[in-house]
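Two complexes follow with subunit A in common, the first pairing it with subunit B and the second with subunit C.
On to the complex of A and B.
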């Protein structure tokens, strides 16, 4: 019994240290955003001067156009979510409920997209979008991000629908519900938790996109927040407190949604990608 | 299930499944397959960024030039070293973390959320804070390092440390994913199996080795594969932290592809390097599946 107690307290200390490791950089963002310039150089205090934590939101009244950047990111994020989700729900349903010629190939292709480096596809995509006039616009970003993240959503939706008992659907069909009605009235509500999880993943894929946004967009007014924030790197004009306040404002939505939805996201990802 | 599935098909048009999957399929053909084929085509041309369509076929010249240049082998080894370190580090840390919080522990729910946090942080924010942490003159990493008597280190400017620093930031970001997946697998270990082993007099370590670990191995294998191919293609964190430096210490394949295309404008050569990078991912995947098959046989 004594030994058990020791191992348990040892485990607790270990988990505590690991949690500190996980939290520290996030904490450091907050710390830096609240530390005045004088306090940053030559030894930043581990605990910032405890002013008003809401001072972080003062970033909205600085020269940094964070509001516009966030709005641009939101446009791309919503666009990516809706376009991916619409295709993923239909394809997930088809893959879950039917056997058809080419099903195996499609399943393999969806997995194979995970192997493709964005840095490779961005080269021909750039050429393609240049000829379609889609560079320097949000539509191009939505299309590019959708190509990479939609397959993940298909897997999540498919495995969620796999676990919906077949009889429920059959009963509705016998009652005369049309096929698309079965999908919208029965399958989507029953798979809702996983669809919500998929939405969070899709949304933040668009929200966080840096590679496409920094390559395709040339007009600063159309910068996403990720590109705007990256523009601070190696720049010494903007105060660090402002830089990190902007980073926090950009990061908070992701933290909130990922923590709120972590159960659904994990079950979606594990059934989707891990059982493969 | 298979039998039930047949019933829905019987007597109904066979067009429906194709209708359902058609949008995603056409989309992937347009925005993934065609660009991939075009990329393949570019890799045999001397296309430039500004006029990609006017490139001339040059055969395997791009590949030859790449393979004759030591820079390719440098970026290949950086890619492999980075992927290996990130996979080992994140799988080990994620698995240990999952095991540690799988059982009852005071404050377990809070710890679980705290440990999940890095996964939610956008890459650009990760980079901003790590650049500041690693800052030579005022970063907290050097505050600690000096405090412990190791002196100041050039975390992002010393070529012998660059890979370590980038890897550490990457592991920090991705280990929670492993932890959550392994945690889900641990929770699916049937309690009866543990109980049976306990009745047989097995101690905790033995139960872990004989009951839990065999249950975890398939999950660990597939997350390791995913982590490997994600590490091979990871761009943003490395590019923004070091830009491939210091002195090429983190200059991996995808960063070279990007630089060739968008800094040197050599689209054809960039595409060729991208194809070689893709071949690496495919090779790794095949090796994993090969090991998988062999394990199944045994």
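On to the complex of A and C.
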């Protein structure tokens, strides 16, 4: 009895510590954004002044074009998500269902792309984008992000489609579904939870992109929010409260997207299709 | 309604030759059973008929029309899978209506959400609802229409799969071991259901199974396959009574036909235990070889009185089934010298006796038979002589 109590308490303490570890940066960001600059250097309050919570949104009324940056980030994030998903679904289906020469090599090559650090390729990509006229535009950013994150989505979608029994596809063909219809009417709905999970990864990658955005985009109006946030850091002064307020605003759309997708990420959708 | 003709159909998977020169015909409104042990190629054959896999060599015709390159949908067949293959994201109602829905398919249904929306609208159409309800009533699914497959039992799922096959009025029904995932009682029930369905719809059925009881009770014609080759085709009775070779003789029947190695010398037959007898009615095999296989069904063997002349045997196993007893026996050495005992076979053979016979393990019996019931097989090739 005593032993059980201790093991249970230990588990709770462990979970609590891990949660603190994960939540602390968010708490710090929140606290800092609500504390006036002079307070930051004179011993910060542990509990932020919650009465001023709406002050976070004052960041919109400053002369910083945060709306525009958020909009730019959204274009890149959604662009990356949709272009990657479109390719990942087709590639994942192909890798899962068709036999073709070089299938194993292709699967490995997709993984190999993940071994290369983005920083290593940014110089040749810059040169390539310059000659293609893709610099300082969202299309170039979407393409660059898609190239790096799409392989992950391919593998997620492929393994989801691997788990759909062959017979379901055969049944769909007998029932008169066209070839592409098997994918759109049967396979995609059945792989929906994994596709939703993949879309979260893709969206976050586009939303959080900093390296490509700061290198390829030169016009301040086209900055993404991530680059915009970094631009606050001045040579002499950094308005910390504004930076952290903007950072909170920056996380909100990503959280909303995640919550929307989370509903879709439910497992066990294929159970009941075949025996068992 | 098509008459189906197979002309030297061959199928290779890589280097593996799965179907070898399959040639035959299926008449209109026939209930054909493709029977054979696991891995004999019967499911592959069914998938080729459905158009799910390509024919490597040879041709399949429906009413003189070559079907090799025709899409599954255009063949107008229904397929019931061993694993049911229901669409788990759709309700029972939508599962049943799916083939009808696909008849209306347009390219823009591929777009996200449009296909889903169209399906919902389509399922509200009165004529569709009426058709679904008709089918649901015959398959006793009316109460389950709004449930999803995962909430159904095995038997219910199988009925949904059958309902989905029925809904489009196909001209050919293909069933791939549809009962093998069900328990014994439900299997017997569904066997009757499928037979009823066959007599009601009066269409051609092709039914794949490895279960000879299903084959014998349901089929109007059986094609027995082994290792990708047809061993025999005919009515269940023909196959049971006149097996074409030792494989058929030992596959059909439970227990299978007794196959005894014998030596023949004019009209005298000598068994491996040294016992010999004269063939009184003269129906000897037409062969010049002196060693043949004598085949006889367990129910055609007769237990003789001790005073009569018969093959001496020793009882090894007795299975009392109530109405009858199944007795397994070994041939008993009939010769006094030991040389014969070495050549004597130690295999078990079977005889069916009445349920009230008092026989125990170790008993010694004398067994006889009528030569009219004997089938002769070649020792080397296994063919019937």
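The rule is short, and it goes like this: the second predicted complex is superposed on the first by the 248 of 276 C-alpha atoms of A that agree within 3 Å, B and C clash if a C-alpha of one lies under 4 Å from a C-alpha of the other, contacts with A are read in each partner's own complex, and residues count from 1 in each chain.
We take it that a contact is a pair of C-beta atoms (placed from the backbone, for glycine too) under 8 Å apart; a residue touches a chain by one contact, two chains touch by 3 or more.
Worth saying up front: this structure is predicted, and the values here are computed from it rather than measured.
J.: Check whether subunit B or subunit C contacts more residues of subunit A in the superposed model.
T.: B
J.: Of the partners subunit B and subunit C, which touch A:178 in the superposed model: first, second, both, neither?
T.: Touch partner of A:178: subunit C, not subunit B.
J.: After superposition on the shared chain, which partner residues are touched by A:62: those of subunit B (first), subunit C (second), both, or neither?
T.: neither
J.: Where does A:170 make contact in the superposed view: on subunit B (first), on subunit C (second), on both, or on neither?
T.: Both partners, subunit B and subunit C.
J.: For A:19, select first, second, both or neither according to whether it touches subunit B, subunit C, the two together, or no partner.
T.: A:19: touches subunit B, not subunit C.
J.: Of the two partner chains, subunit B (first) and subunit C (second), which one does A:32 touch, if any: first, second, both, or neither?
T.: first
J.: Quick one: is A:189 in contact with subunit B, with subunit C, with both, or with neither? Answer first, second, both or neither.
T.: A:189: touches subunit C, not subunit B.
J.: In the superposed arrangement, what residues of subunit A touch both subunit B and subunit C?
T.: Of subunit A, residues 167, 170, 173, 269-270, 273-274 contact subunit B in one complex and subunit C in the other.
J.: Using the touch definition up top, name the residues of subunit B that touch subunit A in the complex.
T.: Residues of subunit B touching subunit A: 1, 4-9, 14, 16-21, 23-25, 27-28, 31-36, 38-39, 42, 47, 49, 52-53, 93, 97, 100-101, 103, 105-106, 111, 113-133, 137-138, 140, 143, 172, 176-177, 180-181, 183-185, 219, 222-223, 226, 229-230, 232-233, 235-236, 240, 253-255, 257-258, 261-262, 267, 270-271, 274-275, 277-278, 281-282, 285.
J.: Please give the residue numbers of subunit A that touch subunit B in the complex, ascending.
T.: Going by the criterion above, the answer is residues 8, 11-12, 14-16, 18-19, 21-23, 25-26, 28-29, 32, 40-44, 86-88, 90-91, 93-95, 97-100, 103, 106, 109-110, 113-128, 130-131, 143-144, 146-147, 150-151, 154, 166-167, 169-170, 173, 179, 204, 207-208, 210-211, 215, 225-226, 229-230, 232-233, 240, 243-244, 247-248, 250-251, 254-255, 257-259, 262, 266-267, 269-270, 273-274, 276.
J.: Help me check something: in the complex, which residues belonging to subunit A touch subunit C?
T.: 165, 167-168, 170-178, 180-181, 184-186, 189-190, 192, 268-275
J.: Taking the touch rule as given, give the residues of subunit C at its contact with subunit A in the complex, in rising order.
T.: The contact residues of subunit C facing subunit A are 47, 50, 52, 71-73, 77-79, 81-89, 98-99, 102-103, 105, 109-110, 115-116, 148-152, 154, 157, 164, 168, 181.
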